[in-house]
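Right, one structure below, let's go through it.
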Amino acid sequence: MSLASTVKPSVASKRSRHRRSLGELWIAILFLLPNLTGFVVFTAGPVVISLINSFTDKSLLTQQTHWVGFRNYADLAADPLFWIFLVNTVYMFIGLPFAMAGSLFLATLLHQKIKGSTIFRTLLYLPSFTAGVATMILWKQLFNPDYGLINSALSTLGVPREQLPQWLNSTKNLLAIDPERLAFNPSQWGIGARDALVLMGIWGAIGGGNMLLYLAALSNVPEELNEAAQLDGASGWQSFRNVTWPQLAPTTFFIVIMSLIGGFQGGFDQAKVMTNGGPANTTTTLAFHIYQKGFEQFQVGYASAVSWALFAIVFAVTIVNWKFGNREDLVS
Amino acid sequence: MKTLFFAVLAGLLAFTAFITATQPKVELKGRTPIFWSTDLNPLRTEQVGLFNRLHPKILLDVDPNNGNREKVIVQSQAGVGPDVFDFWGEANFDAFIQSGTALDLTDALKARGINFEKEVWPLALAWTVKKGRVYAIPANVGTDAVWFHKDLFDKQGVPYPKDSWTLADFIETAKKMTIRDEKGRVMQYGALIEVDRFYNEWLASFGGDLWSEDGTECLIDSPESIACLQAGYDFLYTYKVSPTPADESSIAASGGWGGTAGSMAYFRRKVGAMSPGGRWWLAQLRDDIKLKGYQLGAVTPPVAKFAKFSSGGTRAVMVNAFSPNRKEAIEFAIYLMEEPYNTLLNDQADALSGVKSAAYTERYLKNPLDPGADFHLAFRKTLEMGVQLRSTPFLPRSEFELYLNRQIDLVKLNMKKPADALRDAKREIMEALHRNVTRDAELQAEYDRRIAARRTS
Amino acid sequence: MKLKTWQLVLIYGTLTLVSLSTLMPFLWMVLTSFKPLEEVTNITPVPVKPHPQNYLEVSDQARYFGRYYLNSLFVASWVTFLTILTSSMAAFAFARLRWPGRNQVFTLYLATMMIPGVVTMIPNFAVMVQLRLLDSYQGLIIPASFSAFGTFMLRQFMLGIPKALDEASIIDGAGAWRVFFDVIMPLARPGIITLAIFTFLGNYGNLFWPLIMIKSESMRTLPIGLLAFDSSYNKATHLMMAAAVMSLVPPMLLFIVSQKYLVKGIQLGAVKG
C-alpha cells in the first residue's frame, strides 16, 4: 500500500494544533535562527541602509551627506536614460520562455531512463560551469560579424553577406527600438547587440540550473499517477499536461520568480566584459547603470534610489505572479 | 544523513587546519609594509623591487585593482585603503581631494629640495597640482605618437612619414598604404584610426576644445570640433583607410573596451601600417622586434592646424591621508621623483617618466634595450606639444562622457553625421549641467557669478 | 514505460545536438589553451604547434596560482556547507512549521532578493571593516553563507514532498527535529545537492566581493588570478585559457561526483513516491 493515503485530523488534534502552533514557535526559532541572524546582518541591514541612502545625496567623494527627500526619485523618473535602460533590461526577458521551455524539455528527455544520461547532463551543464570572463570573451569572438563562427555558419547556409546580422556592433533589435529615445524606428529592425545577449543567455540557461531543478522535481512525481492516467486512455502529451505539469507547479513558480528577479538585476557582467554598455548604450541594463552611477560616478545616493525604483518594479511584478500562480503555496 | 554531515564537517575542519598551517608568511624582518594599489602591469615588479632595494626598512607590495578605482574609494571610505594608489584623470583627482583621501605633499617635497612644478612635464600638472599645492606625483606621462612599420613602407616604396607632417600628408600616405585584394577587401589598412580616440587627441590641433575657459559653455559643437570629428569619421568611411567597428571587434582579444589595445593588436599583426599609439606599446612591441624582426619607427602626430595634441595624460600616484604608515608612503612618493625610478621607467618604456630631465639624456634616446632604434625621439617631441583639454566643475566628467560617447558611438557606427551628433550631445550635456547646478546652492552661485562675469567682459 | 525506437532516436538526437552546442565553446577553450601566443588569433581551432608548456607558464606569471586554487576551494566549500546547513533549517521552518508571522517573514526574504546586490556592497563592506575581517577567510565566508535564495529554493522543494510522510512520523511520536533529519532531509536530497552545486559554483566564480576584500597576494581567489591574464598590458589569452581550464577542474569533478548522489536521490524518491 502506498503511503500516499492521507491521515484525517481528528477533533482532538484541532485543539492540540493550537498548542502545537505556539510550541512550534520555539522550534521554528531554533531552526530559523542561524539563517535569520546572518540575513539580518548581511542582507536586511545593508538593505535598510541603502534605502536610507536613497533619500540622501550621499557620494563617496564628499564627507557630508544631506537629506534630499524624494529628489533622487524625481530625477531618475525625469531622466530619459533611466527609461531606456529599463527597456533594455526588460528586453532581455524575451529569451525567458524559450529558456524555460527548453530546460523543461531537456529535463523530461533526461528523465527517461536512458543510458548515458549522466554524460548528457554534464555536457548540458557546461555553460553554467564555464560561465565567466573567459566564456564571454569567447562569445564575443563567435559573434564577430566577419570572422565569427555564427555568421560563417549563416553564410554557408546561404545568407547573403549584406544581410548578416552585425550582432554586438549593431543597435538594431527585433523590436525596432530606437537607440536614442523610447520609440519604434522601423529602420532599426534587425538583429543586433541586445539580441546577441539574449541568444547567449538562452544558450547558458537551457541546460543549467533550471534543468536540474526540473529533473529533481520530476523525480518526485509519482510514476503511478502517470501510468494510471495512461491506462485510462490519456496520450503521453495529455498525461504530461494534466498530471505532471501541475506537480511541477512549485518548481515552475520558483523558476519564474527567480528568473524575473535575476533578470531585472542582470546584464551587468555582459555589459562590463563584452560591450561596456554599448553600442550607444543599447546593452546598458539598469544593473549596469547602477554600477556606473554608484561605483564609477560615486553617487551612492542616486544609485540607491535607482536600485529601489528597480526593486519596486520587481516587487510589483512578483506580487502579480504570486497571485497568479501560487494558490496551494499560500495554503500550506 | 547524519554520518554524511559529520564527515563533511570533519573534512572541512581538516582543510581549515591545513590551509592556515600552509599560509605563506611574508617575512617582514622588521620592515614596515606598505601597499601600492596599481594595475597588473608586469613592469611593476621591477619598479617595486628597485624601491625595496633602495629602502631596506620598507617592504612595498602591490595591491592589484586592475583599473578599478572603485576599490580604492570603497576601501578608503572605510579607512582601510592602500597606502599609495594610482589614479587617472581630473575627475578622480578632484574626487580624492574632496573626500580627504589625498595627502598634501607640498611640504614633504620642499623639504627634499624638489621643485615640483619645474621638474615635471607641464602636461602632468593638471592632475597633480591644485591651487599651488601638490597632491599627486606622476608615475608616468604619455601621449600618443604615430607608430609605423618601416618594412611595409619599404615594400610599397612609400617614403617614411616625417615629423612635421600635416593631416593632408597623413591621409595621402594612408591611402597609399592601404592594400586591397581583387574582391576589394582590405588586406592592409593604411592607418588604424579609432574615431573616439582621434577626436580626443586631435581636438586641440583643430583649434577646438571641450569647454569654455570658465567652464560654463560646452564647445563640442564648434566648427573646429565638428571638423575634427568629421576628419576621424572620414578615415573610416570616406577614405576607407581605417577599420570600421565591425572589423575592429575581431581584434581586441578581450574586453568590451577596444581602446588602444585594439589597434595595438592590429598593429602587431601588421594589418595596419601606421597607428597612433603610446610609448608604452613598446613593452610588448619589443617581443615582436626580437622574435619577428619588426622594424619600427615613430613620428609626431600630423598637424591639422596647430602643433598641439590632447590625448596625453599622466598616471599619477597619491598618498592616502588615512594611511597608518604615512612616513613610509611619502618615501615612495619621493622615490617617484628621483633619478633611479625615472631612468628605470624610461628604460622599460612604461610611457615616459614624469620628471622631464630623465627624457633628455643620451640614454633615453639610445635606450640600451632597443639597439638601433630611432623612435624614442618622437614621443618626447609629442609630449612637448601635449596640452590638456578643458573641463568644467559644473558637471561630473563621467556624466559628460556618457552623453558624448553615446553620440560618438553612433558616428562610429555610421549612423549619424558628426555635426548632428555633436549638436545633440551638446544639448544633452548642457541640460545635464543645468540639472546638476540647480541641485547645489554653492555650485549655482558660482555658475551665476561666472555667467555674470562673462556678460560684463 | 518502455520507449519505442523512434522515441529513443528523437531523444538521443536532440540531446546530442544540444550537447554539442554546449560542448563546443569548452572545446575551443581547451584547444586554445594549448596554442602558443602567435596562434591565438588564428581562426583554425586546432593548434598547429601544440604548446602544453602554457600550463606550466601559468605559475610563472602568477606566482601564487596554486594558492589561489586552494583559497577558492576552501572558501567555496565552507560557504556551501554553511549555506546548506542554515538554509535547510530555515526552509524547514517555512515549509513545515506553523508559527505566527511566518508568511510575512518569508515575504521579507523574497523582497530582499530583489534588491540589486551592488548597492548593498558598501554597507556590507563597512560592516566587515568594523568586525576587522578584511583580508581574511572569515570575511569571505561568513557574509556569503546566509542565503535567502537557498532558503527559498529548499522551501519550494520541501513543499513538494508529500505531507503524509511527516504525519506518519509524527504519529509515531517524532518531534520536529526527527522529522527534519529523518524524513525531510533524505527526500530533499536532490534539491540539496542542486543547491550545493549552485552555491559552490557561484561562490567559486565570485569576483567582486573578494576583489574588494582581499589585499595580500596569497589570499587571492582564482577569478582575481584569472583577471591578471587579461589586462591591457598582458593579453596572454593562451595562458588565460590554460588557467581557466585548470580552474574548471574542481567544479567539473564536483558535478560528476554529485551526479551519483543526485541519481540515488532521484531513485529513492521514485520508490518512496
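Order as written gives the chain letters A, B and C; numbering starts at 1 within each chain.
Heads up, the rule we're going with is that a contact is a pair of C-beta atoms (placed from the backbone, for glycine too) under 8 Å apart; a residue touches a chain by one contact, two chains touch by 3 or more.
Here the structure is a predicted model, which is why all the values come from computation and not from measurement.
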From chain B, how many touching-chain steps at minimum until you land on chain C?
1
For this structure, I'd like the pair of chains sharing the most C-beta contacts.
A-C
In whole angstrom, what separates the CA-based centres of chain A and chain B?
37
Between chain A and chain C, what is the separation of their C-alpha centroids in Å?
16
For chain A, give me the residues that contact two or more of the other chains.
60, 133, 137, 147, 295
Find every residue in chain B that makes contact with two or more other chains and list them.
70, 74, 77, 253-255
Out of chain C, which residues touch more than one other chain, so two or more?
122, 227, 230, 237, 240
Considering only the defined contacts, which chain C positions touch chain A in the complex?
1, 3, 8, 11-12, 14-15, 18-19, 21-23, 25-26, 28-29, 43, 85-87, 89-90, 92-93, 95, 97-100, 102-103, 105, 108-120, 122-124, 127, 142-143, 145-149, 151-153, 156-157, 159-165, 167-168, 171, 175-177, 180, 187, 190-191, 194, 197-198, 201, 205, 223, 226-227, 230, 237, 240-241, 244, 248, 251-252, 255-256, 259, 262-263, 265-267, 269-270, 272-273
Chain B to chain A touching residues, read off their complex:
70, 73-74, 77, 94-96, 98-100, 245-247, 249-250, 253-257, 396, 398-399, 402, 406, 409-410, 412-413, 415, 424, 435, 439
Within their complex, state which residues of chain A touch chain B.
57, 60-63, 71, 75, 81, 133, 137, 140-141, 144-148, 166, 168-171, 179-180, 271-281, 292, 295-298
Going by the contact rule set out above, which residues of chain C touch chain B in the complex?
40-41, 61, 64, 67, 70-71, 74, 77-78, 81, 121-122, 125-126, 129, 134, 137, 181-182, 185-186, 211-212, 215-218, 224, 227-228, 230-235, 237, 240
For the complex, give me every residue of chain A touching chain C.
3-7, 17, 20-21, 24-25, 27-28, 31-32, 34-39, 41-47, 49-50, 53, 60, 105-106, 109-110, 112, 114, 118, 120-135, 137-139, 142, 147, 203, 206-207, 209, 212-213, 215-217, 219-223, 226-227, 230, 247, 250-251, 253-254, 257-258, 261, 264-265, 268, 286-287, 290-291, 294-295, 300, 303-304, 307-308, 310-311, 314-315, 318, 329-330, 332
